[in-house]
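Each structure below appears as structure tokens.
Next come two complexes, and both contain chain A; in the first it sits with chain B, in the second with chain C.
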Partner chain A sequence: MTLSNLQGISSRLTVPVIGAAVFLVLAAGFFYANGYAPLDIFGQILQGAFGNAFSINTTLTKTIPILFCALATALPARMGLVSVGAEGQLYFGALIGTAIVLHWTAAPLWQLLPAALLLTLLGGACWGAIPGMLRAGLGVNETIVTILMNYIGIQLVEYAVYGPWKDAGNLGWPATIAFPDSAKFPVINIGSLSSNWALPLAILIALALHILVEKSRWGTGLSLLRSNPRVAKLAGLSYPQQVIAIMAIAGSLAGLAGYVQTANVQSHLQPDISSGYGYVGFLVAWLAGQNFLRIIPVALIMGGLLSAGDALQLMAQIPFSSTLILQALLFISVLSVSAWQQKRRNAA
Partner chain B sequence: MTFDLLIGLLSVALLTATPVLMAMLGETLTQRAGIINLGVEGQMLVGAAAGFAATHSSGNPWLGLLVGAAAGLMLSTVHALLCLQLGVNQIASGLALMFLGNGLSSYYGTPLVGQQIDGFTNMAQGSLAQLPLIGHFLAQLTPTVYLGFVLVVLCGIFLYRTQWGLIWRAAGESADALHMLGRHPGLIRLVAILIGGAFSGLAGAALSVDYTRTWVEQMTAGRGLLAVGLVIVARWNPWLVLPVALIFGLSEALSLRLQSTGADISPYLLGTLPYVVPLIVLLLSYRASQRGTAMPQELAGVFRGMA
Partner chain C sequence: MQIQLNNVSKKFGSVQANDQVSLAIGDSEVLALLGENGAGKSTLMKVLYGYYQADGGQITINGETVAITSPKDAMAHGIGMVFQQFSLIPALTVLENLLLAYPGAPAWHSRKNTQQVLTLLAEFAPGVAPNRRVAELSVGQRQQVELVKVLNQDARLVILDEPTSVLAPEEVQRLYGVIHKLVESGRSVVIITHKLEDVKACAHRVAVMRSGRLVSDTDARQITAEQIVALMVGDTVLQSVAHTRPDADSIVRVSIRNLHSQTDTLHLDNINLDIARGEVIGIAGVSGNGQDLLADALTGMATITSGEVLLDGEVLHSHEQAVPHDARQGYIPEYPLKNAVASDMSNSLNLALRRLKQLSLFPRWRELDTHADELMNRFDVRPRNSKLASGRLSGGNLQKLVIARELSESRQFVVACYPTMGLDLHATQAVYDAMFRQANEGAAVLWISEDLDDLLRYAHRIAVIYHGRLAGIMPAVSADRVQLGHLMTHGALQ
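Presenting the complex of A and B:
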């Protein structure tokens, strides 16, 4: 290994290592200020995230939607778009996917699941394509539109489950009928570990996106559109077309997060299918530097943090909202350290 | 009859528009100095929680508004640190603020859930109510609505009629030129971020102390982000903030009105109105706002290419 190689690795590790250190100091400060022993809490977070088979299974369950939503954020980011719309795309995708489950409840697995997934992809794609079209056609800032559409998407799901799709058998509880097993991703059991096929699917999509974006001509085109739109236009790339396509694909990925939450985790379409997974996915994508491979471990860590948040609330009586603060502190730490490194690199 | 209905609708519209109006004014001031702050939502949330807590423990709603503004200002220092000092992308930094404000207000606001406050005293017996014709209408409004009117006037005069307003706007048009004149655009931007923070904290407090009189997690429900979007519709002009904020207010008032009259539409579908209507207005006016000279030039880069 040559010296320049070593330097390359050390400079690539600077942001994660220093960022993590800054985060730990901030997080310790937060817990200390609120009267908790930081080291004990950190130990409990590790325990709650990966301590035993049960906590690992919970972590994996939470990792799936986070991973899909992170991919839905990172893909637009590769061409310079800041989409915060995964939350709404998640809801709208789940809403459209649920439609076929309600009307075709008795169909066998090999028909119902693919049909529901196809509709979910279409629903998510619609919700993603709208801000894409507005950006492409009118130049409207996609960050504002995607966030506003989140609120609309969530309310449409509420409309459905409080209104036409509410199952009378739920005794007033706003939810659809229970999903049949044929609408769910099949379960995978390895020893005491348990998850479902959405997890390998998400990882496969991440790998495929990595290869497509890093190695294919299409990927080169995306980074050209981001760094130098004029040259990209000369090279025959259409910005409007790519924006709409990318936002639609991203939306369909976030839609999958919504479907797996609805079908496998909650078994019903109900108002709160996401615990802010769209926003957590956004953070994961940024923390991973919009790199599809790095997103996988970061999503797992964030899934662990959320699952630990549940455990902390039960055992140490720490409100779950503390994990929201931890996420924000982590985001701030990494943003600051990478900006600081960028500044240093520019100065050098 | 119809007249009474319209007056009722307008007064509800003004009540619901006021928090958005205050947040828009703050963001207008911030953006006029060349900085975008998407963290308005988070600042409103901490303002709402802190303002509600202060009112609950002291019984004084004015103190609540003050504490809310202070809380918003404190949170905005994070944005100042991240983008002015460290050079973090403004959009990312604003989103970090949104997440942090959401987390902090949920965490520290937990004991406030379900608590009640009295808010401001009813103005129906005041001297305003004695005025002929409009007295009844004026008495339906609350002190924060009037505070909002005053702030519009103050901001308008400050930006367009004072020396400092000119320098402030110059920081947003060309920081380099201002720098060459021996001024400090960085300092002006710092003040602009802090003032914007105070305004949105005040906006949050107006929401929780005066309008809902309760605290619920994430109670701002996107109003802060709407405010950022509507600043564009108002062309970065404080005088236009009132009519544009009323677009939100009227759609919310209409949605509430239709729900209470038992219209045959789901309240959840009606609930999308306050988002859909301002969004459509934003789309309709976006092109023109970018083409015209209204947009502070220093913002152009942040709006277009972001990486």
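Presenting the complex of A and C:
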């Protein structure tokens, strides 16, 4: 290994290592100020996230939607769009996917699951394409539109489960009928570890996107559109077309998160299928610098943090909102360290 | 005021921008400081103005050694500089801009010091109303305001950094007048330029720089234009650009019919023009009359509201279709950094940009790098690093990169908007060579320029654009400067 190789690796590790160190110091300060022993809490967080088979399974379950939503945020970011719409796309994808499950309940797995997934993809794509079209046609800021559309997506699901799709058998509880097993992703069991096929699917999509975006002509086109849309015209790329297409693809990815949550986690379509996974996915995408490979471990860490949050609440009586504070501290530490490194690089 | 620079040296990284330069500037004198791009003339003057700190050498004023560590120090010693980029606030009026830069910045402005500003304005910028907003002024007028701003701070020496490169011919004449006036009032002027006309028009003394050194310092009357050029370019031989002639059969290659297009502030009004195979059409005009919009509309970059551009009888661009990426056309837009390259992407990618759609889904990036290396060699783009982000190239090299991409392949229609702006003689020639080679091979060339001499020398016909329409067109051989000038400023012949 040559010296420049080593330097390359060390400069790549700067942000994760120093960022993590800063985060730990800030988090320790936060816990200490609130009268907890920081080291004990860190131990419990680690235990709650990865300590035993049960906690690992919980972590993996939370990682799946976070991963999909992070992909849905990172892809538009590669062409310079800031989408905060994964949450709404998640809900709307789930809503459309559920429609076929309700009407085709008795169909076998090989028919029902693909059909439901296809509709989910379509639903998410339509929802994602709307801010894309507004951006392409009228130049409306996609960040604002995606944020606002989140509320609409969530309300639409509420309308469905409080109204036409409410199962009378639920005794007033707002939810659809329970999903049949033929509408769920099949379960994978390895020893005492358990997850479902949505996890490898998400990882596979992340890998495929990584290769496409980093190595292909298409990915280069995205960078070109981000860098200079006017010049992209000289290369024959149409900014409006690409904005709509990318936002639609992103929407369908977030839609998948909604479907997994509905089918495998909750088994019903109900109002709270996501606990802010769209926003957590946004954090993950930006923490990972929109790099599809880095998104995978970062999503896992965030999944662990969320699952530890549940455990902390039960065992150490720490309010769940401290998890949100931890997320924020992580975000601030990593982003400020990477901004600092960028500044140093520019100065050099 | 006698200013003497002694052995001034300045290094940027590994580049020696100024190498032991000694230069005197006398009382009531116009010194023309000439040199190619990167010869170190701006750097030297920025050292004198306190913008850069010299690595070595001294500056003396009237025999006393002075330390100039900031523009403020320079001002205090009566040295002022007008840059190529102006530092006026567009939203404020002329008077407000001038008062903002008042020396010593009093807490409020009395009638007396306002009066002083108005007097200077009337003397050196006649025709610029003090209550107009700077945003409404032409480039030439802004330059005058900038000059008054410097004079208002009691400058005894005014340094002008390439003042004529942004001006229309009429405004250039006015500037020469102002320079004479400055000298009459006892001030000295240094004019940084690479235009020989500037020397002829107003310089008393000529200093020529090359590669950071002063290679000549003589009386302006004792040196000819040819000698100056030879000093500027050094040993390298400057070949003259080959003249081209349009095909004798003059088959129409590009036909522009009833073209209309518009932006917020300007519209193109019914442009009609036929360009023959091998013909070079020059478009003259005062900047801001729709040149950039014309170039964009002709290449399909701007939306065409009506009309069409035909290439060999087929519609190339119209309201319904626009194909800016069509391989038959080459486009060199104004401001390449903004309009021609993705500045944060590699030279290799920027050179391959026009072919992006023809590449396979997973392109062989290494082949593109090799191809880029070849092109950069052929068009002398420096540094020869295909992986470097294009935004890090200097202006001249960036333009060469764009030329390499647009003109290395054979095109049928070439549109060039100010392709030599800010380039030195060598680079200018390289651009003309590449452009006229396309014409020789049968392309129709539309060339927008502000350099009337070059247009008259190399174009076959010259059209004048005025307020978004073509005000007139004439063969270059029978065109004269006065006629063209009148068309440019009034939109009609006398």
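In this text, the second predicted complex is superposed on the first by the 348 of 348 C-alpha atoms of A that agree within 3 Å, B and C clash if a C-alpha of one lies under 4 Å from a C-alpha of the other, contacts with A are read in each partner's own complex, and residues count from 1 in each chain.
Operating definition for what follows: a residue touches a chain if its C-beta (ideal position, glycine included) is under 8 Å from a C-beta of that chain, and two chains touch if they have at least 3 such contacts.
This is a predicted model, so every value here is computed, not measured.
Participant: Considering only the touch criterion stated at the top, classify A:Ala72 as touching first (chain B), second (chain C), both, or neither.
Facilitator: neither
Participant: Applying the touch criterion given at the start, work out whether A:Ala250 contacts chain B, chain C, both or neither, answering first, second, both or neither.
Facilitator: Touch partners of A:Ala250: none, neither chain B nor chain C.
Participant: I want to verify the contact counts: of chain B and chain C, which reaches more residues of chain A?
Facilitator: Counting residues of chain A touched by each partner, the higher count goes to B.
Participant: Would you check which partner chain A:Leu224 touches, where first means chain B only, second means chain C only, and both and neither mean what they say?
Facilitator: second
Participant: Looking at A:Ile177, would you say it contacts chain B, chain C, both, or neither? Reply first, second, both or neither.
Facilitator: The answer is neither, since A:Ile177 touches no partner chain.
Participant: In the superposed arrangement, does A:Leu148 touch chain B (first), chain C (second), both or neither?
Facilitator: A:Leu148: touches chain B, not chain C.
Participant: State whether A:Gly139 touches chain B only (first), chain C only (second), both chains, or neither.
Facilitator: A:Gly139 contacts chain B only, not chain C.
Participant: Classify the contacts of A:Leu300 with the two partner chains as first (chain B alone), second (chain C alone), both, or neither.
Facilitator: neither
Participant: In the superposed arrangement, what residues of chain A touch both chain B and chain C?
Facilitator: 227
Participant: For chain A, which residues are in contact with chain C within the complex?
Facilitator: Touch residues, chain A against chain C: 215-218, 220-221, 223-224, 227-228, 230-237.
Participant: Flag every residue of chain A that touches chain B in the complex, lowest number first.
Facilitator: 80-82, 84, 134, 138-141, 143-145, 147-152, 155-156, 158-159, 162-163, 226-227, 279, 282-283, 286, 319, 321-329, 331-332, 335-336, 339-340, 342-343
Participant: Please name which positions on chain C make contact with chain A in the complex.
Facilitator: 300-301, 323-325, 331, 338-345, 349, 353-354, 356-357, 359-363
Participant: Across the complex, what residues on chain B touch chain A?
Facilitator: Checking each residue of chain B against chain A gives 38, 78, 82, 86-89, 91-93, 95-96, 99-100, 102-104, 106-107, 110, 217, 221-222, 225-226, 228-229, 266, 268-269, 271-272, 275-276, 278-279, 282-283, 286-287, 290, 303-307.
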